[in-house]
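Across the two complexes that follow, chain A remains constant while its partner is chain B and subsequently chain C.
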Partner chain A sequence: MTVKARETCELAIVGGGPAGLAAATLAAELGVEAVLFDEQPTPGGQVYRNVEATCRRQDDLPAFLGADYRGGLALVERFRASAAAYEPMSAIWQVTAGGKLGVSQRGEAYLTQARRVILATGAMERPFPIPGWTLPGVMGAGAVQTLMKASGLVPDRPTVIAGSGPLIYLVAYQLMQAGAPLQAIVDTSAQPLIRSAFAALPHLSGAAGELFKGLTWIAALKAKRIPMLAGRNLVAEGTSRVEAVSFEADGRRQRLATSLLLLHEGVIPNIQITTSLRCRHEWDPAQMAWRPATDEWGATSLDPIAIAGDGAAIRGAKAAVPLGRLAALDAACRLGHIAEGERDERAAPERAALARQHNFRSFLDRLYRPIESVRPLDDATIACRCEEVTAGDLRELIDDGFTDLNQLKSFSRCGMGQCQGRMCSNTVGRVLAERLGTGMAEVGHYRLRLPVKPLPIEQLALLKNADRNSKPILPVVAGDPSQRI
Partner chain B sequence: MFRRLQADAPSATIFFGDQAIPCQAGDSVAAALLAAGIERFRSTPVSGADRMPYCMIGNCFDCLVEIDGQADRQACLVPVVDGMRVRPQEGTGRFDTP
Partner chain C sequence: MIKTDVIVIGGGIHGCCTALHLARRGLRPIVLEKNTVGRHASGVNAGGVRQLMRHTAEIPLSMAAMTAWENLDDLLGPELAQNCEFIGGVGQIGLAESADEMAWCHTRVAEMRALGYDFEEVIDVAELKRLVPSVADICRGAIISRRDGHANPFRTTQSFRLRAEELGARIFERTRVTGLEQSDAGWTVTTNNGVFQAETIVNCGGAWAWQLAEMVGEHLPKSHFASTLMVTTRMPRFIDPVVIGIDRTLSFKQTEAGTVVIGGGILGDPQLDAETADTVADRMVESAETVYEFFPILRKATIVRSWAGLEALMPDVIPVIGPSRVAPGLWHAFGFSGHGFQLGPIVGSVLADLILDGKSPIPITAFSPERFTPEGTLRSASH
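Let's look at the complex of A and B:
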């Protein structure tokens, strides 16, 4: 098979969720040669994952997933109808500060020089380290929602959802409708939703409908007598797989035998590419996550690079669309397709749409501060899933004087495994900050190196449009296993 | 541990070791394995512990398997292709000579 390398593109968009789709569609409408690269086979991102095929299904899955999910179809259809080029199943393994993208497609790699880049790589579930969280049978709640959207799969064995955030109730509601054996929800948030909701109502201008939706999920779960418990200090118990979850409630430890434990305490920006780029990042104390610093158009500290959607800060799918459109307007202006006046005029309704989302998001941030996934870890809890480094291992190293985050990474191997720190970055930072008595902003984040996605050395060596003046490091024989890193 | 909401005729078959795994159009390798009741995708290189996919969106790397002789493939990101040969990845994995 042969992949056609795109040598150049005017605007590269990375990620096919709502922000990327909205950005690519509008940019193309404004005459920009826009190319959207996405890792998935179909557009929609994680929130609208597989929405085209799901909406064609004859069963009740589209109904179970709800109107918000089905609403993503219009966004995908508008993108499909636009002149934007689409490169699905493309892993982006590098983005340089000069706008050069490394693309891996169907087993081949190539480089694309873009004049401007919009990163729309979205969010990931906040890693939730508890004792036993690496056992088979423990998954993210979002992971199971992905299985439902992508393949119509639902759990068929007893399932407990634990954590906090609106998604736990949405997933619980969706699973319950689909007939999954949902045993209980263990809510780790500080205060009951309903009390906070009424206190917040006066400040939710225009977004009370969103709140109402959340309350209807909870009412439906209550009607089906799904136990909703408050719990802290979760432990996934089991030897070769999860057998039970235990937690503290009312001053004593309770235990629920279960087959599937779904963990979730919100989502955080995916900053893999932006940290490898050395964009300026800030610690967001309200969302308890690192985020790349961006201006009102999503532009970063690096000239050709902008960010749209949850990759810049968690604002949700409904805000991702106007954020994508703002980044596209700015790109079209910088690339000479529209004047500043037109950009600003077209931006006004997008900013108004964002403002409508703002109060509700602040309310969610206050209500669902992660508590359980950021409490001090027991020494035996695994911080780094890849290299199986525990919080206790880290504390020993810190006490031995390894007090810089990246030094700690080198010596502990945390962040040096296959996931490249995606799952442990914040946890290691937290353990370090606790031990030093300082904050996350002070300890910083990992320095990441290319490639940001693993690819066989063979693909790099056979790079389709490599600089012919550079000397190969090794003589290369295609398919030779000894030449794999 | 998972069931399909809609039981269509399989559109493809892949193999996990010797086990034939029926797949539906659009399945990732990870989804097809989970639907067939597979829990053990790999063992870790450090302690040899069993792992199953955790995130399903390409971040956790706990779904690593060997696909058609190539190790380190993220099962949650690879769509199924009829006849694909998948093996659990033991430790750092093997790499077949073609």
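Let's look at the complex of A and C:
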């Protein structure tokens, strides 16, 4: 054993993005024995990925990535300076309702019993199932941005970005600055950003700066004459890899040859762990995503489990910090380190900070309601990419009478592959809801069990601190192998 | 109000198969399923089609079932039979690591021969290695039943359901029985989805079957459990037979999809009222450990999912098949105690014979509810 199993902890925080970092830092400052588990080798999450090393670079990459990204450094430094323990390169493959975490660290697995858990597992890019979306050369725009932050990798071949939301303009701006051969942006949103922006200005108290930033990216892209087109009904074309993207604009089909197509229509909460916990979830019609139900502190329907940040509902990195701090205050209170009065008093400025973010988020939700990624799939379009199940396959089963999401999974193997259903749960749900003429809330989402991250058999076999006496009492007498259950 | 001749409560494999056989014999059965067909143990079991190492009371039933498996075309038609993904003749093999296990294999085969059954045999290491080249060099030999194999449990249950429907059975999903009353007019079954009437009721309620019995004042064992399975990502084909442990916690097979399904008596936490079950990592370790020791090829394989199915468990680990002790016209078929899937094609045929002819050609007295006291505990004499 090279890994030392951490058998217990008072508060476990899962995820090292802004919510997790803020929660761990504040909890530790309040005297809680807080441990932050994160998959990455360094703190920052997806949004501030690798921010310490990137900020030390001598080239222009830190400048290209922008002041918002570099601003994450302060959060990381405060976390580093706190008494919170840090377990990097740790995948969490289970969380039980009793607060028992399964940790996989440098090739070894162990279990940790926490008194309370804050899940800060953030968001994932909304899957974008259009014809051809599984071709090599089609990626998420967020994934490319992550590569840029994590390893300084910048695309070197003709690139088109398609979708909607501020991130496509940010990534386009960052790519352009870093010298990537950016061909065009295809905006799929309902109306051009500028028009809706002016309409929304009165509602943006305190967040006008955010909007202004978006407008500066667009201005910079315009100055470099990057074509910005409006388009619908995207198709990724190609045989063995993507060769072009086509779309409808002004009533006719247009085609752009490209070697890299980046798709993005926002992010959705990552609900793998909360689903496996059978926490109560709600369908959020504004964000078109499932989210775990939480109270004003981020507490879920299960006593020891709370959520901070985008994992509860998409509110962005700026809101993640006060959300993380609220979850930490509640944890410190429930764990007996501070009284309710102190918790509520300390919560006031956090709630004020959240309120400032709130109007801007509602504006974004209204403006960037997903369109392309949630339009009805053609029969030939793949819904589950791991098992290559098409929308047509699913519709055939639904018409045969399999009207339950998990039945569709059992029958077609959709959601059974390597991604454990992350990528297709909503798509398959949507195909089902459309066919039955019902809503997403009615069809539900996949049932999930551990491991919520793939776990090698040898890690499970060599797991040292399992409770081997954990057995239910059964009426059966063991002994004769032919009288087994 | 919907009237018919027989109502089957529970849309698992035995409920669907019972409806199929009743419909085949000209009746108009209705299946009432509280969730969806195959939602619990029937749809999510390991899919073993195993005669090997069965309780001797189950062997006549199991042998008849094996013949039915080998002739699924007759029962289901070619398309639905294929849909079951049944692979027979690859064998199920019980691995003997210790001298005690090897000795048990010899004793078992001798006992079986004395009873007139010759489908189990002891094999040596050379034959084991020929059949399972990937097994580690820690086995002394094995016990095998060569006709055995495996099938896809969810697809099989659905095939039985679809065939039953083709023959005129009606399946009501999301239809939960809330009341069961008998009068001169027969049985009245109240559900969330309407009222049903029939002369005969078959209780195939699995883990919840005892609750249906309680509705007519009959007490049967309430025990149930959640058998857990874990599954790897797809792997290149490396094994055809199903392997199981004798004293060790082991059971796995490679499915048609190439994934490896690992079980062997791992227990989950059943949630009878919530109608689900949680899998428990602590209890999965032992099973992973056995796989690690016996099959080094699987050490780096990745587990991507686990699940558990709720199933009734009888204290003597054999099912309840037979007439109710208190209510004429009510038949029970449940309590398969974790190994009912292989019996899937035959139990319904036995019930159809019992209901229509009053007797079964296959001996089933060992499964009678009479072996329990009126309070629902096992009578010590019959054990």
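The working rule: the second predicted complex is superposed on the first by the 467 of 485 C-alpha atoms of A that agree within 3 Å, B and C clash if a C-alpha of one lies under 4 Å from a C-alpha of the other, contacts with A are read in each partner's own complex, and residues count from 1 in each chain.
Keep this in mind: a residue touches a chain if its C-beta (ideal position, glycine included) is under 8 Å from a C-beta of that chain, and two chains touch if they have at least 3 such contacts.
Predicted, not measured: the structure shown is a model, and the values here were computed from it.
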item	value
Touched partner set for A:456, first chain B, second chain C, both or neither	both
Which of chain B and chain C A:418 touches, first, second, both or neither	both
Chain B versus chain C as contact partner of A:257, first or second or both or neither	neither
Chain B versus chain C as contact partner of A:155, first or second or both or neither	first
First, second, both or neither for A:466, with chain B first and chain C second	second
Touched partner set for A:371, first chain B, second chain C, both or neither	neither
Contacts of A:249 with chain B and chain C, given as first, second, both or neither	neither
Residues on chain A lying within both footprints (that of chain B and that of chain C)	417-418, 454, 456, 481, 484
Chain A-touching residues of chain B, taken from the complex the two chains share	1-6, 24-28, 31-32, 34-35, 39-40, 44, 46-47, 49-62, 64, 70, 72, 77, 79, 95-98
Contact footprint of chain B on chain A as seen in their complex	39-42, 46, 50, 53, 57-61, 64, 89, 91, 124-125, 133-134, 136-140, 142-144, 146-147, 150-157, 178, 240-241, 259-260, 270, 385-388, 417-419, 422-423, 454, 456, 479, 481, 484
Contacting residues of chain A [partner chain C, same complex]	94, 96-97, 100, 102, 111, 278, 400, 402-404, 406-407, 410-411, 413, 416-418, 420, 447-451, 454-458, 460-463, 466-468, 470-472, 474-476, 481-485
Touching residues (chain side chain C, partner chain A) in the complex	36-39, 43-44, 53-56, 94, 104, 108, 154-155, 158, 162, 173, 221, 223, 225, 227, 231-233, 246-247, 257, 259, 265, 267, 269-270, 274, 276, 278-286, 288-289, 291-292, 298-308, 313, 315-317, 337-339
